[in-house]
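Below, chain A partners chain B and then partners chain C, in two separate complexes.
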Partner chain A sequence: MELICPAGTPAALKAAVAAGADAVYCGFRDETNARNFPGLNFSRDELRAGIEHAHRGGVRVLVAVNTFPRAGAIEVWHRAVDDAVAAGADALILADLGLLAYAANRHPGQRLHVSVQAAAANPDAIGFYVEAFGVRRVVLPRVLSVPEIAAIVREIDCETEVFVFGGLCVMAEGRCSLSSYATGQSPNMQGVCSPAGHVRYEERDGRMLSRLGRFTINAFGPGEAAGYPTLCKGRFATDLGTGYLFEDPVSLDAASLLPALRDAGVTALKIEGRQRSRAYTERVVGGFRDALAALAAGREIDTAALADLTEGQATTAGAYRKTWR
Partner chain B sequence: MQPAGSVVPQVPAPIAAALRPLPLLLLRPPLAMLAVRIRDRHPELFERLGPHAAKRFGLDPTDLPFAFVLEPRPAAPSVTPVRQLPRDLDVRIAGPLGALLGMVDGAFDGDALFFSRSLQVEGDMEALLALRNAVDDACIDLRRIALSPLGPAADPLDRAFRRVRAAAGRVAAHRTESRSWN
Partner chain C sequence: MQLTLGPVLYNWQPDDWRDFHFRIADEAEVDTVVLGETVCSKRAPFFAEHLPAVAERLSAAGKRVLLGSAILISLPRERRQAAELAESGAFMVEANDLTCLRYLQGKPHAVGPFVNVYNEATAAWLAERGARRLSLPPELPMASIRTIAGTLPAVTVEVFAFGRVPLAISARCYHARLHGLAKDNCRFVCENDPDGLPVRTLDGDGFLAVNGVQTLSHTCADLLGEAVALAGAGVAALRLSPQRCDMVAVARVFRDVLDGRCDAAEGHRALARLYPDVPFANGFVHGTAGAGMVA
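Now for the complex of A and B:
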């Protein structure tokens, strides 16, 4: 299975290449990709140089243009597609139907992948993308169990890529409006869930409050591990009590499921975290490269090596191994 | 607050106490030189910072008896030592010196330090992220930049820095059992 690794900066790209990535994914420094954070991502020149560097090391570069274009500004997204192709991208990761059509028509030889932001979670949806646009791979949303993935793989005519580590979105990806409701900015169109300009932290009475827009979404006690300031990981007061309703602050870690994912016929394993540092990239890529080597050699896979990097200092197998609470 | 089990290296309390009477005026010239040398070696840092280069960042090493105000102006960057951070800063970043240096050095991940509560942040989060990402991408070799002009006198400081870096490396290799959600 291929190892697909995140790069939020040229330094992280180099770290991923050095640590053993098969491919690196990245995006432009604007709203055309779903990690549009301050100081992150690539200029056109940086992308060209990054692709040259990766190719010298035998590593492919996949460029995410995976937000949904705003009406009246489609040229921003078209330019991103054209510039990524011109820079030598090995594949484009796209979510919007119109943008997929544009890329397929304008650059017929270009390899196209369906982004997780498209939330293509069944054979019919995936089959449509293959038939209409000739896509070669689909990144599956993080809501499927391993048996469901195996069933999908049997029925489709393209490769599959699944997340194995990092941030965990349990929503219908590309369609979630929780952050939009709180901030007025859309993760699906502006490319940022919980935009930093709307996030505030405050120490009060020994607790750390995290706020998004006008909402206090969590309060962490002294020494309690924290998570990202997203509404889906907020604590909510309800008639049944106060607690996490949608999702705990926790990171996906599917290292223990690598044998099952291989047996399911998955093509590629994706590490989330373009917003993280080169230290994260180096360690997680190295950790999963070791895990894949252990898998190939029939050795036991170390499943605790990356625990200190996780959100909330906790891990989950997510929907891959569904259980009831 | 440091959570139980945290392994970010800390400046030993006796050393921190010994540093307390240090006149901060003595720190100003080397810090001014450091800021200018980083500016000269890493001009790309300011492109990533963008408009946030005009912000004022408070850096508060919680295991030292003083703090720093960083003003990353491209024309005149400065790092000013202070006994206590002023209130009118745009951003405040607090944590052990080893954590702050480790983020510059590429040994630590800032998000992981935040999750473990080893790092506290307040203020303008856009400016904070821009600074964190710009510094991470720049791969600043603080040791080389800070110590190279000192010649042989740099050796003891160099050894101290290596110890911090080695401790950070041990953290990177540190394995902890995490809670499992399901």
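Now for the complex of A and C:
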């Protein structure tokens, strides 16, 4: 299985290449990609240089242009597609139907991948993208169990890529407006979720509140670390009780499922985290490189070593285990 | 401007569901009604027996009936249902996911608010493949709505104008999770909350509403104040999403404002009487936080 690694910056790209990535994925420094965070991503020149560097090391570069173009400003997204192709991208990761149509028509022969943001969750939806645009790979949404993934792989005519490590969306990606409900900015439109500009920490009655827009997302007692208020990982109240209603503040770690994912016929494993540091990228890529080597050699995977990389955060295998639902 | 009654998103008792639609057929001034279970395929069998009678009564009353497909389709059973829906042919299908579109290519169909149509190129691409109606995603701002509707005058462009706004869909059932149940053995606890299960912040502010695998806004959309501007932008229909209130009267308020029989402010007050205790919001269409109400 290929190892697909995040590159939020040129430095992270170099680190991922050095640590043994088969491919890295990245985006331009603007609203055309779903990690549009301050200080992150690539200028046109940086992307060209990054692709040259990666190719020298035999590593492919996948460029995400995976937000949904704003009506009346589609040319911004068209330019991102054209510039990524011109820079030598090995594949484009796209979500919008109109943009997929543009890329398929304008750049025939360019390898296209369906972004997780497109939420292609079954063989019919995936087949639709294959037939309409000739896509070569689909990044599967994080709503499927491993047996479901195996069944999908058997039925479709393109490769599959699945997330195995890092941040975990609880909702179907590309179909969530929770962030824009609270802040006016969404993953689909602006490429951000629970954006930092709308976050405030506020002390009240001895507790630290984390707030997003005008909503309290969590409250922490003395001695409790005040986490970032990602909306779907907050604590809320209902008549049935108070707590982490949607999901605990966990991250995804599917390392223990690597043999099952291989047996399911998955082509590529993806590590989330373009917003993470170069050092983190290096450690996680290295850890998964070791895990894949162990898998290939029939040795047991050291899942504990990978768990250390979550920096003390609790982890889950998410929807890959059916009981998560 | 036409009015569309969206599909009931909640798990209503089958008889309530039938009687609600019978009354809509007999009394509501809506042009189009969307039927079908779009949220959770486990619920569909319960009211399936009533569906033919409801569709017939609505058709006989001169309403256009659309059948909505499921929002999130992953099980083989759900795929079969989507394929059967697309091939049934009796009524136009409103596709809420691309699964259905595969089978609808070339046939006239509607595209629901859960398909990501954010711009004119995607809208045009769908229209070329047979989309006659586009119900746009609720988070779209006015500028995007205007551009899309202006580009496609032949397509009926619709905007979500009343009801709790669907914000997210998940593989996980939050009703089951809250009740300490597994999704596969959920005992249909979502039926206890026919208007959604209220979710508050730790400060006690209303925030969201849970409906099984779906998460909606706590606030209720109210685009009465924008209705005239939306019509001017080329929007041809407003969607009213059923809540547990007098939807016949809600439709009448919208009709009255659209036809100039009362102004938007008077309409707001009427809606507040019909659906009390839930604040109204219009932030999305103004390009700000969806929870907000821009005066």
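The rule is simple: the second predicted complex is superposed on the first by the 303 of 325 C-alpha atoms of A that agree within 3 Å, B and C clash if a C-alpha of one lies under 4 Å from a C-alpha of the other, contacts with A are read in each partner's own complex, and residues count from 1 in each chain.
Throughout what follows, a contact is a pair of C-beta atoms (placed from the backbone, for glycine too) under 8 Å apart; a residue touches a chain by one contact, two chains touch by 3 or more.
The structure displayed is predicted, hence computed values, not measured ones.
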Query: Which one hits more chain A residues, chain B or chain C?
result: C
Query: Does the superposition put A:Ala120 against chain B (first), chain C (second), both, or neither?
result: second
- request: Determine, under the contact definition given at the top, whether A:Gly57 touches first (chain B), second (chain C), both, or neither.
  value: neither
- prompt: Who does A:Pro259 touch here: chain B (first), chain C (second), both, or neither?
  reply: neither
- prompt: Counting only touches as set out at the top, which of chain B and chain C does A:Val250 meet: first, second, both, neither?
  reply: first
Task: Applying the touch criterion given at the start, work out whether A:Pro147 contacts chain B, chain C, both or neither, answering first, second, both or neither.
output: neither
Message: Is A:Thr323 touching anything from chain B or chain C once the two structures are fitted on A? First, second, both or neither.
response: both
Field: Residues of chain A at both interfaces, chain B in one complex, chain C in the other
entry: 323, 325
Complex contacts: residues of chain B adjacent to chain A: 1-4, 48-50, 52, 103, 106-112, 114-117, 120-122, 124-134, 136-139, 171-172, 174-182
Query: Which residues of chain A touch chain C in their complex?
result: 68-72, 74, 95-99, 101-102, 118-125, 127-129, 131, 142-144, 148, 151, 170-172, 174-178, 180-184, 186, 188-189, 209, 213-219, 232, 235-242, 245-247, 319, 322-325
- line: Per the touch rule, the chain A residues reaching chain B in their complex are 8-12, 37-40, 196-197, 199-203, 206, 208, 220, 222-227, 248-250, 275-280, 282-283, 304-305, 307-317, 321, 323, 325
- request: Could you pull out which chain C residues touch chain A in their complex?
  value: 71-74, 76, 78-79, 82-83, 97-99, 101-103, 114, 116, 118-126, 137-140, 143-145, 147-148, 165, 167-174, 176-179, 182-184, 197-205, 207-208, 210, 215, 217, 283-284, 287-291
